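So that you can tell them apart, the chains are marked A, B, C and D in the order they are listed, and the count of residues begins at 1 in each.
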Amino acid sequence: MEIGFLGLGIMGKAMAMNLLKHGFKVTVWNRTLSKCDELVEHGASVSETPAQVIKKCKYTIAMLSDPSAALSVVFDKDGVLEQICEGKGYIDMSTVDAETSLKINQAITGKGGRFVEGPVSGSKKPAEDGQLIILAAGDKSLFDESIPAFDVLGKKSFYLGQVGNGAKMKLVVNMVMGSMMNAFSEGLVLADKSGLSSDTLLDILDLGAMTNPMFKGKGPAMNKSSYPPAFPLKHQQKDMRLALALGDENAVSMPVAAAANEAFKKARSMGLGDLDFSAVIEAVKFSKE
Amino acid sequence: MEIGFLGLGIMGKAMAMNLLKHGFKVTVWNRTLSKCDELVEHGASVSETPAQVIKKCKYTIAMLSDPSAALSVVFDKDGVLEQICEGKGYIDMSTVDAETSLKINQAITGKGGRFVEGPVSGSKKPAEDGQLIILAAGDKSLFDESIPAFDVLGKKSFYLGQVGNGAKMKLVVNMVMGSMMNAFSEGLVLADKSGLSSDTLLDILDLGAMTNPMFKGKGPAMNKSSYPPAFPLKHQQKDMRLALALGDENAVSMPVAAAANEAFKKARSMGLGDLDFSAVIEAVKFSKE
Amino acid sequence: MEIGFLGLGIMGKAMAMNLLKHGFKVTVWNRTLSKCDELVEHGASVSETPAQVIKKCKYTIAMLSDPSAALSVVFDKDGVLEQICEGKGYIDMSTVDAETSLKINQAITGKGGRFVEGPVSGSKKPAEDGQLIILAAGDKSLFDESIPAFDVLGKKSFYLGQVGNGAKMKLVVNMVMGSMMNAFSEGLVLADKSGLSSDTLLDILDLGAMTNPMFKGKGPAMNKSSYPPAFPLKHQQKDMRLALALGDENAVSMPVAAAANEAFKKARSMGLGDLDFSAVIEAVKFSKE
Amino acid sequence: MEIGFLGLGIMGKAMAMNLLKHGFKVTVWNRTLSKCDELVEHGASVSETPAQVIKKCKYTIAMLSDPSAALSVVFDKDGVLEQICEGKGYIDMSTVDAETSLKINQAITGKGGRFVEGPVSGSKKPAEDGQLIILAAGDKSLFDESIPAFDVLGKKSFYLGQVGNGAKMKLVVNMVMGSMMNAFSEGLVLADKSGLSSDTLLDILDLGAMTNPMFKGKGPAMNKSSYPPAFPLKHQQKDMRLALALGDENAVSMPVAAAANEAFKKARSMGLGDLDFSAVIEAVKFSKE
């Protein structure tokens, strides 16, 4: 199976490498072409524009940094739209909002192409290990044909229906994550200020019905006031805001998520936006005494 | 090792049975004495009053239903206080507030006895399986001597320092649990009202960094609006309130826990207090359309 | 002083009438021209398009129903832009968001015209009585020249600086109003459920440091579960959302407004969006007993 | 009419003085007897114990600093209980919780006396001006007989039914006040951080439907970060907590009050507990930039 791949950032590079290792023929493109070198050493071909990748490959995956990059690769000169046509499939796995996805979908299908959005849950390590969770939506036949690739990239792929649902599902997941992180932070601070050991609290939580990889992974660092950015707080807060907006559209009242969102905003106002989202504990901790 | 055991409710019976099975000599007492029969079949002795149990045994464990029962067994006629003395240890594993624990501690130590509070995390099944988590505090030498029994009753026991810390730690744990349950409920409802499948959300959460036994265990039933009471909502709400009061004492602002507490109160006002605390999702779901 | 007036809805008609009564020469336009008749009886001239009004008058005031109407009157065929030019001033008193205001400002000033935004605080009655509060921003010289008109339309006009500030200030005011309404609602329900008279609470509040026209005006109806729509709940909730978004831009954490916003959303989900915003008390009241 | 008066703090002294000025015969007592001197100059008699005041007067008013003082004056040696009997009335206008009131009521009525609780809304200035608001509850006949005195002390007295209702009503009022103060604070900070003038916001609010003496009185100082303690923040937060507890008892969910309470707790943790409760704006303002 031959696959085009647009975007070789941290995530994209790891994903394209996995495809190569599993026997796919891969043609890559990146805005900075030199980033393609390592992939070429492992057998990838290179094209000079997104349009050329599309022309060459029946299926093309994109993994770009943000909505504006995702739009640019499609709509700019030498972009995807110039060559997309009936018989070709475009799978955008970037994290974008539903509106961006819908705009790309409309353009692609307007030219006769097929489109799937497939944002992922998981960051660098799961990308390298082929352990992503893929939240796909859009053209069902293209989704089905993409499964051999998805099976290499992720441990599980979900088909969620119409375009936009992938983006929405990701917001829901991240909203639960953000509220849980606040619950956890309040617990750690309450323990500490009540004369209990917050490290012991970690041990106790780890043995009970709430044990989860996030608490285990981030808790010890949080107790040392260390927040190396795996998922920046400002991005988490943006996702909380967008999830609340999704609730607003659908008249869902979510007071706990709203309180969590305000805590993330307070943390942003304290200059913590670029740290890991676990730094929200600093907003809970803050006192003068 | 010979151990007295006061209180043979669901939890106490399972715990006393475990001690018997692991070779401890156990003398039991229960307000309704007939409840002792099954234990006797497995080799337990019976005493007719708490005082007699204390007189007979160097170590006595209590597992009573609530603070008033815990106080009554100690302070009433024929109670623990009548026989407690130097050389004897009393271990109360009931779930009580810090004030109750401190009152019992003062009375026991006033007579020369030693006292440990040891509330547990875990309900019927972990009690039967000897998989409780024990949050002990109080006399360190008594704690150390109790470890052979604790090792049979639980998978892990923690020593948390002065009396009251066991009760406090349990509140912190339950507060995190209550906020997490709200985060989870809001996510399930948001998914559903946004045209996504809340069952698929369960599958996605289960594969990611937030996967935990509580979500796995309760999620499918919640999606079917089923809330068989493992931990009643009104008790969860009471623990949220007490945890917030603990925060109040120590000037810890916890806006997410406070929002979760109000959601539990709304659920109570909807007549859901006796269902499982996962029924808080009904307060999130509620709408008229 | 000759003034053009675009838009004769409930507010616009009352405002144009006040200008006529105070001796201004007024040229009116409305999409449905028949609505101009009553004004003509009182001495107004009529033009057939916004462009003709602009051509005729040095100053033109607009009072339109929403952002899309405000944009349409400026940018559509026969619109304001076709005739605006150096020496002319355009004062838009519609309630629009800052973005809409900025877009209109850019177009007007691009043609050499001057622009002031001037959203008002106050509804039908104050408009009729010339008792509006005008939150103006934009071209200072145009603001100064508009004062004779503003003095007729309102009891006070504020100059708030650059375009967008009028819209923002209105959001801040409405946010305070929405949170206050929730505080009031919670108090009334708490009194009632605690066995106190919520009517007596009104009397007590009215005598103290919190007495205000809103509590006095709406309280008695709220205690009778009556919510005739003066300001619809769905619009209040939209303004809360936009105020929270303004806070988000500027990293201001506002947990009380966020909680109030979620209460308004709950009320919306209960089908109360078209009632007065005081109907949020129904979300507080809701219980099953 | 002859009246006993116990407690000559800031409030009590002003109240007793008003009674004297209006022709009542007043017999005073204060723990520090020298505080009685000024009253004596104006015609008061002095007794050496609360019991003697009760013995001498048919009606006795108490205005004490807190619940423990209120209890002490009744139950201690030489206290009210020693002389209270049929035919005598005791009116406690101190601010105490419902439990304290109920305890005093039970003791007084157990001796055949009559009891009214009458906490007041208003502080030093209204006390001096006889402009307090009296929230009375308890024995209706005693209330009726007290009206001549209440008319001197306050601008209005309410009869709220059974003992405890006075204390509860005061909590409801103070809860509304605390949430309003948070709404106001968030608005002032949002204005400021959005590039608007928070002084102008005061002017705008003052002209609209939300205008109230509290915003007018405290706003200008808040904009100067000045919080001279009229009602200390820690007391306001305590009243919020007790109001929330009252809601808890009656299953009333109050998310806005809960969010306001957490903001007051954050302010306490910042060391602002002894300042005026308007200092909660500092918790909203807090950021690092």
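Following the convention adopted for this analysis, contacts are C-beta pairs under 8 Å (C-beta built on N, C-alpha and C of every residue); 3 or more make two chains touch, one makes a residue touch a chain.
Computed from a predicted structure; not experimentally measured.
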item: Result of counting contacting C-beta pairs for C-D and B-C, higher pair; value: C-D
item: Relative to subunit B, chain with the most remote C-alpha centre; value: C
item: Subunit C-subunit D separation of Cα centroids, rounded to whole Å; value: 39
item: Between subunit B and subunit C, centroid-to-centroid distance (C-alpha), Å; value: 55
item: Sequence positions of subunit C contacting 2 or more other chains; value: 247, 251-255, 258-259, 262-263, 266, 269, 287
item: Residue ranges of subunit B in contact with subunit A within the complex; value: 121-122, 133, 135, 155-156, 158, 160-161, 165, 168-169, 172-173, 175-177, 179-180, 182-184, 186-187, 189-191, 193-197, 200-201, 203-205, 207-214, 217, 243, 246-247, 249-260, 262-263, 284, 287
item: Subunit C-facing residues of subunit B, complex; value: 255, 259, 266, 269-271, 286-289
item: Contact set on subunit A toward subunit C in their complex; value: 241, 245, 247-248, 251-255, 258-259, 261-263, 265-266, 268-269, 283
